[in-house]
Amino acid sequence: MDFAFSPEHVALRRMIREFAENEVAPIAAEIDRDHRVPFETMRKLGEIGLLGVCFPQEYGGMGAGEMGYCILMEELNRVCTSTGTNVGAHIGIGAMVIHLDGNEEQKRKYLTPLSRGEKIAAFGLTESGAGSDAAAIRTRAVREGDSWILDGGKVFITNGGYADIVTVLAVTDPTLGGRGGITAFVVETDWEGFRVAREEDKMGIRGTSTAELVFEELRVPHENVLGKVGEGFIPFMKSLDMGRLTLGAACIGGAEMALESAVRWAKIRKQFGQELAHKQSVQWKIANMATEIEALRSLVYRVAWLVDTGQPFTQLAAMCKLYGSEVASRAIDMALQIHGGLGFSRDFPLERGFRDARIGEIYEGTSEVQRIVIASNIFREHSVRIRP
Amino acid sequence: MDASYLDLLMAQQEEVTEEAAGGGGVWVVADVVDGSIAAVTLEAIGTARNLADSLGAYVYGVLLGEDVADLAQTLYQAGADGVRLADDASLAQFALKPYLEVLSDLFDEEQPEVVMFGATAQGQELASRLAQRMGGGLIERVTAVSLDEATRTVQGAISIYGGEYFEILACPEARPQFLTVEPGAFPAPFIDDYRKGEPTVLDVEVVEPEVRVVGPAGEFEPPQVPLAQAPVIVAAGRQAGDFDTVKQLAAALGAQVAGDRGAWGAGWIGPEQIVDVRGVEVTPGVYVAVGIRGDTFHNAAIEGARFILAIHPDSDAPIFRIADLCLEADSKEVLPALLERVSVFFRCPTL
Amino acid sequence: MRIIVILGRVLDPSGIAVNRRVGRIFINREEYVLQPADRCALEAALQVKDAAGAEVVALPRGPLPDDDVLRQALATGADRAIYLAGDGFKGADDGVMVRVLAAAVERLGGTDLVLTGATTMDTGQGQLGPRLAEALGCPQIINAWQVSVTDGKVRAVLQQAADYVAVEAGLPAVVTMLPGALRLRYPDGVRLVNVYKGVGEIAEALERWDVADLVDADGLRPLLERRGRDFPPERERGSRVTGTPQDMAQAAANALQQRMGR
């Protein structure tokens, strides 16, 4: 077993870390305070090819695999969760469905500009009545000649307020449900009938757009159906699976930021004649954080390797997201405690990390859903079929 | 009464003639700045003097320029035994090729043991080219020297990572040994006003420079250095007194202006200039804290500062625990005096 | 037009801890970074290439154990990079490097412009560029803020006291760039992946030459020798200056003068 990262991934990490320090970190506080999406960062990332990090070079991507994408997420989230989320929604779910299920023409028409950052993608799945229960979506798509007419809407769509392309899941046959009745479409947001209704005012990741989308007689040409009619649910779920892995990677970054900040503060802050680093309670918190981060790191990068080598990964990816989001939350919480009052101040970056981390256990499949996925996978191996 | 004979009695005549020396010696090429010999040249001569005494050799100065003959005396007063003078219109401003040809011809004939320059732009250009041309070794920006007497080798210490530690280098075989001397690293020599001499005038063949000055680069703006990376910072606190004086001090040092939260509260600086863990963390080579008391959050943000100068009236001020040099005084009294003394500085582009 | 860029690497100082008291250096994290001034040189070369068209060739500043520095140069936009291999090459000083580089330039068939960093971050030495200029017999411009090429001439911006001046020289010439002079571009992602994976055209742009083919053993013997290390005195904090405000001001001014090297 060779645990070393390959040379291109080492070089990639070095480049992204520098980018994160120079371009992302300096504006992280500002975009959170002003609730602003950093379009300039997305453009810069696109210019050097990072918005297509895991997509094939023939479609404008970098060809660095899931491993490369995990590295990107870790390094970006280490300095700014909002930026990491913007990028993750674009690559990991928005464009990913096209990569997984698009035909040659769709990939050339859509995946290429998305890989190059010329266009931005969003993933249109969630609805007000369909969160964890994704198959309960109600957005309807009705065939009319060589197009489909979409009616309905989506909520909590990351990048929704500014995306150029949204991959949308809609019901094409209400009688069939998840198997055979749901179809995936590629929607261009400047088409007639597409509307952004409102932006969510969120607790954290305030440098992202989380929007409500409305489709009113939105005409989508038939060639924009992804995969086969009625078989849209599976590629969307697969996209979410892969997204879970990379969210776990994102959590490594967030947790590392908390740990580094806590270590530094413990070395500096003196109370009762001693630096905090000499107090056992602080030492134990640091040790716990560090151990969990190492465990998470080993898990995430092993799963990235599984994906890149074509091996099964669903259950492990769910573990990445489940464990990652909880590790990040715990780490930030412990770090906040170590910083004391300073950690609570809005002038210090830690409270932003605290607010940003909370969504980790919720979006892209709540921790509860992850546990169901893991358990049902385990029981299936023992020939027991779990119904959620 | 004509007392000029007293001057003759007290004056030491130049002892060196070309024949007596027969090559060798420790040579110092002078920098001329604003019509006088640069301080770094004098420091180099002082050091050259020490080396030469141990080597049993002579110290020679080389002076190039236009109408600089008078300056030769300064070199003698600083300790040179001989001076070579190249005085010509073509040498009025430093230009590489004209200066290089003079030195190259001179050193080909004189075969020095050691040649020293100040570590200025002029010194760097000349030393490198000459070393290459003559096959000598060059140690740049030396901050300390010692002599390996057995092999007559100068050992020069150079600063690593801006002063974290020093590496000692030497050029045991190749001659001449070339050195450039870091300004301010060596003490100024004793200036003996009664020492004088007659410089040897060199023939100068006019040579065209290869690099010509086109004109001022008016539209050029150097890239903005963020406060977090500024090499020199002057920061004000509530006890800074007159903030304008603080700004003048910063300008004189080529420093960026900053402050603690108190300065921000007083409306002197913007939020992006606050030095604090809740603001900007800085890592300058020099940090001047004027009237800053220094609470934990400010002090943590200057952890990476190499040298901290603090001025504050209160002897208990926490800043004094971490500052390298502490001035327990009222800024209003010390600052104007400090400003006066540093006004001679010009900007230091690299630190 | 051909532009040669000379790049080197240096140990990241943030991974080093110096204990002055015991006189030891601890390398806590061994990570190398490209010399910041050399990166500016590469950026300057690429800017000239963008503006006027050129072939940018990367060469190493010193002996390297691997070709990572050259790969980084290719990923950032260099057209060719040449790794110099050879055992007898270890411990080479600038004098040796200049012989090697001059021979490499000749083997390449000459060059129009050589760009490198004005100073090294670790040792503060700036002699490589000027030495090479002497060896190649061409003009040099050192400590440049900006460089451009027009009509067969190179133009640069230099700082003189508090002002900036524009200077000009004919080609070929050697120009050394100050660290931090330019905003650096990032490597292109696709180039980066391909050059490190060793696939595609870009991978063939990395060549490997043997130093022994360029310079004989005699020529590889360094002129300079390392004679040991010294450590500054331990940092003494809290040292108070006594006396009148004038005395204090004088002491402070002296300290600043020493620190900032006038």
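Order of writing sets the labels: A, B and C. Residues in every chain begin at 1.
The definition used in the following text is that a residue touches a chain if its C-beta (ideal position, glycine included) is under 8 Å from a C-beta of that chain, and two chains touch if they have at least 3 such contacts.
The model shown is predicted, which means the values in this text are computed figures rather than measured ones.
Using the average of C-alpha coordinates as each chain's centre, B ends up farthest from chain A.
In terms of C-beta pairs in contact, A-C outnumbers the other of A-B and A-C. Every chain gets a centre from its CA atoms, and the centre nearest the mean of all protein CA atoms is that of C. Chain B and chain C have CA centres that are 23 Å apart. One simple way to say how far apart two chains are is to compare their mean CA positions; for chain A and chain B this gives 55 Å. One inter-chain figure worth recording: chain A and chain C are separated by 40 Å, centre to centre, where each centre is the mean of the chain's CA atoms. The part of chain B that touches chain C in the complex is made up of residues 39-40, 96-97, 121, 124-125, 127-129, 131-133, 135-141, 144, 148, 155, 157-174, 182-185, 210-217, 220, 222-223, 225, 232, 253, 285-286, 288, 306-309, 311, 320-330, 333-334, 337-338, 340-342, 345-351.
Residues 226, 276-279, 296-297, 300, 303 of chain B are the ones that touch chain A when the two sit in their complex. For chain A in complex with chain B, the touching residues are 26, 268-270, 342, 345, 347-348.
Chain A meets chain C in the complex at residues 6-8, 10-12, 15, 18-19, 48-50, 52-53, 57, 62-64, 68.
Listing the residues of chain C that touch chain B in their complex gives 13, 16, 18, 20, 25, 93-95, 98, 119, 121-127, 129-131, 133-135, 139-143, 145-146, 155, 157, 159, 161-170, 178-183, 223-232, 235-241, 245-246, 248-253, 255-262.
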